[in-house]
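First subunit A sits with subunit B, and in the next complex the same chain sits with subunit C.
Moving on to the complex of A and B:
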């Protein structure tokens, strides 16, 4: 198979009984397939859990990746800081001319 | 429940495949098919009325290559050559722990301090190198 494809799929696992609660795990998988040779990349991550009490509707609790969020925020701040430093120095050198 | 969205950028592209390539494709297809909810959620740990479910992010990459052709040397003319190889790697990282008790269900995030510190050092590195470059250009 020689084609590039990306597929995003959300799937639920079998419910886990915890006392009188039913916990259903939900995950997302992103599958990349590159063209040319046979290459593939699968990225699996948890996205939510469904919680159902007897007689109640299912409640969805999202699963956040706090580490990833913090990493992106810090790296974004670093890039922004670099851009600010570049701008400040550029303004200074322009005003001297 | 399964919601699937697929983007296929080269639909209709047709290429001849040899048996080795087909085997590789089958292996790859089998590998890609193993992606699922069981990969991400660990076995529940029960302690009394409390159930703990560990969750992790799993990233797997796999690549194969194969080629064959005819030999062109004086002595080897008429012969064929072929070669193939492959490799892969899987990364895994804990994301959160789900705690289900009679009081309710809560999702406790796993905070990886080492990764945060490394991100902070990288960000400082960006800023410091920009500062040095701008000062040297002065």
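Moving on to the complex of A and C:
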């Protein structure tokens, strides 16, 4: 019986001509597969853009989703803040005893 | 999805404090919905549901081991969830980033659970349970507001009754 598996792979889309530049989108695919299942949960996201000028080598420009990062940081800060509130309160109530 | 959320909300409404792991699990589910909306944008709905359920189950499981900490974190999510729902329902135009407001109200929720514990868990589980039920029934604004108020009063009264009854039986023993 197959086990739970996670696979990560990068794939390039078909190049797009923008002016005299050739732009190639690059995405990352994370696939979670449950045991005994041929299908799975697929998480696709853009990770880079390849840009090639005529006669030059392709330059790979990474894609950063700053909004997503900010959203996660805000949420993480809130959870951490809650844990801190709990820790401070616990220490205070312990010291009172 | 709607039926599942209505059932979960109803369970929270009547037993959010008694079965604290349910409250933590439900808030884990809500956190999963929020995270999935950020991480799995554009993915099918079932992906969001699976991710949320997994986080909910992890939350409920961890609630057994780290009871107080998980309840405080659930209080954080409940505080943020309730304010997000109210802003969406009444379409308040607040000049603050909704995510920052979520975190601020979440911190208030966490502080309430830390300091008042039982009563904060009763209030937060009743309000979040009521909003979960009302949000999925797709009623008019007026009916949603009335339903939330009725459910919150019912939930708090029922859970407070259980709390007093529980304390009385402990004293009698």
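One rule holds in what follows: the second predicted complex is superposed on the first by the 90 of 97 C-alpha atoms of A that agree within 3 Å, B and C clash if a C-alpha of one lies under 4 Å from a C-alpha of the other, contacts with A are read in each partner's own complex, and residues count from 1 in each chain.
Rule of thumb we're sticking to: a residue touches a chain if its C-beta (ideal position, glycine included) is under 8 Å from a C-beta of that chain, and two chains touch if they have at least 3 such contacts.
All figures in this text were calculated on a predicted structure; none of them were measured in a lab.
A.B. asks: Please tell me, clash or fit, for subunit B and subunit C sharing subunit A in the overlay.
C.D. replies: In the superposition, subunit B runs into subunit C.
A.B. asks: Contacts for A:43 in the overlay, against subunit B (first) and subunit C (second): which applies, first, second, both or neither?
C.D. replies: Once the two structures are laid over each other on A, A:43 reaches both partners.
A.B. asks: When the two structures are overlaid on chain A, which partner does A:25 contact: first (subunit B), second (subunit C), both, or neither?
C.D. replies: In the superposed model, A:25 contacts subunit B only, not subunit C.
A.B. asks: When both complexes are superposed, which of subunit B and subunit C contacts more residues belonging to subunit A?
C.D. replies: More residues of subunit A are touched by B.
A.B. asks: With the two complexes superposed on chain A, say which partner A:81 touches: subunit B (first), subunit C (second), both, or neither.
C.D. replies: In the superposed model, A:81 contacts both subunit B and subunit C.
A.B. asks: Could you tell me if A:71 is touching subunit B, subunit C, both of them or neither one (first, second, both, neither)?
C.D. replies: After superposing on A, A:71 lies in contact with both subunit B and subunit C.
A.B. asks: Thinking of the overlay built on chain A, is A:89 touched by subunit B (first), by subunit C (second), by both, or by neither?
C.D. replies: A:89 sits against subunit B and subunit C alike.
A.B. asks: Among the options 7-15, 79-87 or 115-123, identify the stretch of subunit B whose C-alpha atoms clash with subunit C after superposing on A.
C.D. replies: The overlap with subunit C comes from subunit B residues 115-123.
A.B. asks: Would you mind listing the overlap between the subunit B footprint and the subunit C footprint on subunit A?
C.D. replies: Overlap of subunit B and subunit C footprints on subunit A: residues 41-44, 68, 71, 74-75, 77-79, 81-82, 85-86, 89-90.
A.B. asks: Please give the residue numbers of subunit B that touch subunit A in the complex, ascending.
C.D. replies: 1-11, 13, 15, 17, 21, 24-25, 28-29, 31-32, 34-41, 44, 49-51, 53, 55-66, 86, 93, 95-96, 98, 100-102, 104-107, 109-112, 115-116, 119-120, 122-127, 129-131, 134-135, 137-138
A.B. asks: Can you name the residues of subunit A that touch subunit C in the complex?
C.D. replies: Those in contact with subunit C are residues 41-44, 68, 71-72, 74-75, 77-79, 81-83, 85-86, 89-90.
A.B. asks: Can you list the subunit A residues touching subunit B in their complex?
C.D. replies: My answer: residues 1-13, 16, 18-21, 23, 25-27, 29, 31, 33, 35, 37-46, 49, 51, 61-68, 70-71, 74-75, 77-79, 81-82, 85-86, 89-90, 93.
A.B. asks: Within their complex, state which residues of subunit C touch subunit A.
C.D. replies: Residue list for subunit C touching subunit A: 34-35, 38-40, 43, 47, 50-51, 68-69, 72-73, 75-76, 80, 99-100, 102-103, 106-107, 110-111, 114-115.
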